[in-house]
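Quick one: the structure is below, questions incoming.
So that you can tell them apart, the chains are marked A, B, C, D, E and F in the order they are listed, and the count of residues begins at 1 in each.
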Amino acid sequence: MTDILSLAAGNLISPIILSFVLGLAAALARSDLTIPEAVAKGMSIYLLFAIGFKGGAGVAAHGIDGTLVATLFAAAILSFALPFIAYALLGAMTRLSPLDKAAVSAHYGSISIVTFVAATSVLESQGIASEGYMVAAAAIMEAPAILSALWIVARTGGSSRGTVDAGLYREILLNGSIVLLVGSFLIGTITGEEGLATISPFIIAPFQGVLCLFLLDMGLVAGRGLRESRGDVGGGAVAFGMLMPLIGSAFGLAAALVVGLSAGGAALLMTLAASASYIAVPAAMRVALPEAKPSIYLTLSLGVTFPFNLTVGIPLYTALSSAIAGG
Amino acid sequence: METHQAKRVEIIIEAPLEGRLTDALNKAGVTGYTVLPVKGGSGRSGRWSRSGQVSQGSGMVAVVCLIKPERLDSLLDAAFAVVEPHIGVVSITDAEVLRAERF
Amino acid sequence: METHQAKRVEIIIEAPLEGRLTDALNKAGVTGYTVLPVKGGSGRSGRWSRSGQVSQGSGMVAVVCLIKPERLDSLLDAAFAVVEPHIGVVSITDAEVLRAERF
Amino acid sequence: METHQAKRVEIIIEAPLEGRLTDALNKAGVTGYTVLPVKGGSGRSGRWSRSGQVSQGSGMVAVVCLIKPERLDSLLDAAFAVVEPHIGVVSITDAEVLRAERF
Amino acid sequence: MTDILSLAAGNLISPIILSFVLGLAAALARSDLTIPEAVAKGMSIYLLFAIGFKGGAGVAAHGIDGTLVATLFAAAILSFALPFIAYALLGAMTRLSPLDKAAVSAHYGSISIVTFVAATSVLESQGIASEGYMVAAAAIMEAPAILSALWIVARTGGSSRGTVDAGLYREILLNGSIVLLVGSFLIGTITGEEGLATISPFIIAPFQGVLCLFLLDMGLVAGRGLRESRGDVGGGAVAFGMLMPLIGSAFGLAAALVVGLSAGGAALLMTLAASASYIAVPAAMRVALPEAKPSIYLTLSLGVTFPFNLTVGIPLYTALSSAIAGG
Amino acid sequence: MTDILSLAAGNLISPIILSFVLGLAAALARSDLTIPEAVAKGMSIYLLFAIGFKGGAGVAAHGIDGTLVATLFAAAILSFALPFIAYALLGAMTRLSPLDKAAVSAHYGSISIVTFVAATSVLESQGIASEGYMVAAAAIMEAPAILSALWIVARTGGSSRGTVDAGLYREILLNGSIVLLVGSFLIGTITGEEGLATISPFIIAPFQGVLCLFLLDMGLVAGRGLRESRGDVGGGAVAFGMLMPLIGSAFGLAAALVVGLSAGGAALLMTLAASASYIAVPAAMRVALPEAKPSIYLTLSLGVTFPFNLTVGIPLYTALSSAIAGG
């Protein structure tokens, strides 16, 4: 326990976390500090490309490990299953409408790639290795949760006037971040160490620094969201936003043990299961469940769960996985 | 200079629906429109602003259509079907255009 | 399709005043508006262009409000109080809107 | 609040012609205008979208002019000379403005 | 021949090419992956600045070689001459209108700087040196082809209602990419190795990585263009888009031999002659020949010739120039 | 004197200065070269973050020196006082209206962070150390000058119809660049050398290169401003734009000697005092003194004083401070 706490403290004063805190504080104090939308998108493209490529190069270096298929399968199952748990939990903890509950559930079954990235950099700084194909697991977990949420809406008779058509399914599956993550993972796998060598001064050396600026922006966006959505999100929902990642991570750990991942891989799967989407899922919800309130699902995902995972969650998952799945 | 009667329709809608709206317009025979970026706004669902948005889902766009008056109704029907469950707004203004053959 | 009378007010104003303008609109009970980015322009104070601007202070924005005709005057009063000492322009157009309950 | 009759002219034109259009407007005595960025659009020459454009040549812009009614014709003549061989569209709306002395 | 093929294969699985392919595939599959316009422009400014500076620093390091003036002269002649060949070839292979043929010809006389950049990085990876002032040759080749095309239009009585005025000539000559390329070349020449040392962690180390992301965007733009212009570009035009670069490169090789360039320089001049513009010329055509269809010239340049050069052309030109001008 | 001249000459042919000159020349020649607004803002965020972080890490490494508080205090006094001197000088040298004089004065009391950044990189290239907390002095000097200018307007009975309200004060104090500079300084101080090590490939290695592109953009903006404001700014005002930095730097030097800064720190305080704002102050003036003409204050700040400091000022301040405060 002391170990976990000291790890958490060490994590808390890293440039990454402090950059997030700076953004949060600036937004809450109503500073006019902003990062242009195009620059924020540019950084997110950089991070996706870099993390995908590194994962792929890792697979190329260490060969495809027997657990690859099992891991991807487990990841998909997690993403499908977690929304049901989230939905039930929201029913117990909040008074949200069925549509809002379904929309929130979709976010928690899916993943936040920047939380994943932050976890990989914590692992790196502690010298813990992890399977390169965890990136592919991340990509796989983006979409299934959305289907579960739509299924919940249909089953519970909650009728939305949104559009659920072939176009929507294509958009979900070919979402830019999935395509970029899978694509760069494949490029990394194909070009391997040699490919990585030619571009590592771009995708490895400056990675932590870009992550700082990106988290600064996440802090700004989260802070602005928190400021403008007071009232929509009650205490029960906030508690959900901190309990659900713990539950998710427990399932992630169980899946990692069943599959046989390394301690690092287990920490990453826990992080994925614990994290909540803030890009792919909100866009899909706008189309499919327009009556669900963005101020609820975005505030929970970005304003509560994301900082929770960044500060408390990741050190916890890392410590637990090392204790249980590790050597 | 000779001008011709037309309607200017402005539809403000969530960015993820832009493609669906323009597809619907195309199906209704409206092939001329211009999409303007939107920086922020406010409405019944609160205030929002584009800066620092990491999420593609959260912006809006403004679609401007110039159209012959007699085709307004089919445009509005098509647009309304897309906009209706969503948060956008639709406004129509009388306008005149040069080069009527284009509309 | 049924439409309703409305006014479309377009206010072009310096970016650093956007917040003050929208606050004034809110106080006057106008909670619906859309902000469009502006790329450049020209007026009595000369030409300017957005490209390469390092200064947040030097751009402009266009704020578009659709509003019920009877509320136009309070909107204009609120807007004018902010715009008056500054360089922006305000224009009003007759328009029609779908879904009157929103305005 | 006192308002004055005006015309709102909106010209959508290829970005590489923006400078030529505004020069022509200046020559015709029109020194007030605002340029809005355009994100995409569709017309007789097909659909296009700004995202990922590497070419400066391929975008469009919208130029909005508020002008006294009596000066409309000289504006349209000037604009038309530039727009005519190109793909842009020109629309005119009746409007009212505050502060007539500015136009 | 086997050599060329294996080189081509090696080239094909580089991160650069695969990034382009990823973009192309994503666009054709209608993914919503996009790179913001501002970021794409920012990367192109970076690439122009870096390549110009490196060229200039190269000249500063190796001194101005007797062939400099002859090379620049030959480059200008190539750019003037190639549109006439392209125009004649288009007459034989397609049924395009005279205005469309003239507009397409202007593109093929001019150059694509990113194709040039890709060629330099292939040369580097094979350890083949080239003259630093090839960058200046690239800049010089941007504009003359436009004049030739306008002259063809005037001569063939094809009347365009576009504007050909002093403003247009200034825009063509002071086009942003020409100014940046020439300017950074001069800065590199003036500040030399010392200047390069201070900024090489910016313009050299991450160069390949930025190029990957830029080519990802080129793939997206090319793919979207291909998807939307089906029908405008027939089989004859597509064949032209692959034959013309070969012809252009032959002229480039001849010019390189006459001037006495090194094998690397010859490969670059071939690449320049083979490549087709997609920035400066389309903008000029919009103004000067507005009736010419962008969907034709952009599709050919970006959708056919650019990928052709990237995958087949550059390895071929490199191999040929090594065989003929090398050793 | 010869020393200063040769230093100035050495400074003049650095990539940084030449990039600025390139931008200036391109704009004056009416080239269409532009850097997208989002990219320019992104680079300025990068520079602020990097310079703040480095300053903070410097403080963490060398400990808080006794002169810290005195320096910050002196910096605030300088920023408060310089507008009064500027206002008097403008009265003697120009025929500007009282409001215009007040607005210009605010700019000269405040600072230009990119001038500061350029000075730090000159110091670095000459191996002159400076106090890390000079960054904090820069942040502190942004705002007080605005208050002085507003006070001058009130005192001289010059009535502006602008808005001076609580909102304005918050905007001035929580201005994005102040928040980012102070925030990253604190992060640097907290995470120290260890934090710096994780992100130095991002904030140190490519710094000079980014600065080049940023100065290219500054040149473009300054050149475009000069082109469009001819007539508004007379000879007297231009002379003011070159005399005022010299006077400011003299006060800066005096303050540095009183406080006991090192030669490097003195050069930076001189540069801060000599430089004129072009971000925070113009925005505040738009709100508070809308009748003051931006074409005057922006042309003086960006078009006259900024290039003056970059080319003549910084080498002069560095040489003087080494001669007087050094050794």
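Note that contacts are C-beta pairs under 8 Å (C-beta built on N, C-alpha and C of every residue); 3 or more make two chains touch, one makes a residue touch a chain.
Keep in mind that this is a model prediction, so the values were computed, not measured.
Asks: At the interface of subunit E with subunit F, does the proportion of residue numbers present on both copies reach over half, so same, or stay under half, so different?
Replies: The interface is built from different residue numbers on each side, given that under half of them are used by both copies.
Asks: Upon optimal superposition of subunit C on subunit D over Cα atoms, what rotation angle is obtained, reported to the nearest 5 degrees?
Replies: Best-fit rotation on C-alpha atoms: 120 degrees.
Asks: In whole angstrom, what separates the CA-based centres of subunit B and subunit C?
Replies: 18
Asks: Which integer distance in Å separates the CA centroid of subunit A from that of subunit E?
Replies: Once rounded, the distance between the two centres reads 40 Å.
Asks: For subunit D, give me the residues that contact two or more of the other chains.
Replies: 36-37, 47, 49, 56, 93-94
Asks: Spell out, as numbers or ranges, the residues of subunit E touching 2 or more other chains.
Replies: Touching at least two other chains: 32, 34-39, 41-42, 171, 176, 201, 205-206.
Asks: Considering only the defined contacts, which subunit B positions touch subunit A in the complex?
Replies: Touch residues, subunit B against subunit A: 14, 16-17, 19-20, 45-59, 84-87.
Asks: Sort out for me which residues of subunit D touch subunit C in the complex.
Replies: Touching subunit C: residues 1, 3, 6, 8, 22, 26, 31-37, 61, 64, 66, 93-99, 102 of subunit D.
Asks: Which residues, counting only subunit E, touch subunit F once they are in their complex?
Replies: 36-39, 41-42, 45-46, 49, 53, 170-171, 174-176, 179-180, 183-184, 186-187, 190-191, 195, 198-199, 201-203, 205-206
Asks: For the complex, give me every residue of subunit D touching subunit B.
Replies: The touching residues are 10, 12, 36-44, 47, 49, 60, 62, 73, 76-77, 80, 83, 89-94.
Asks: If you look only at subunit A, which of its residues touch subunit B in the complex?
Replies: That would be residues 34-37, 40-41, 44, 160-163, 167, 171, 176, 217-218, 220-221, 224, 228-229, 278-279, 282-287, 290-291, 293-295, 298 of subunit A.
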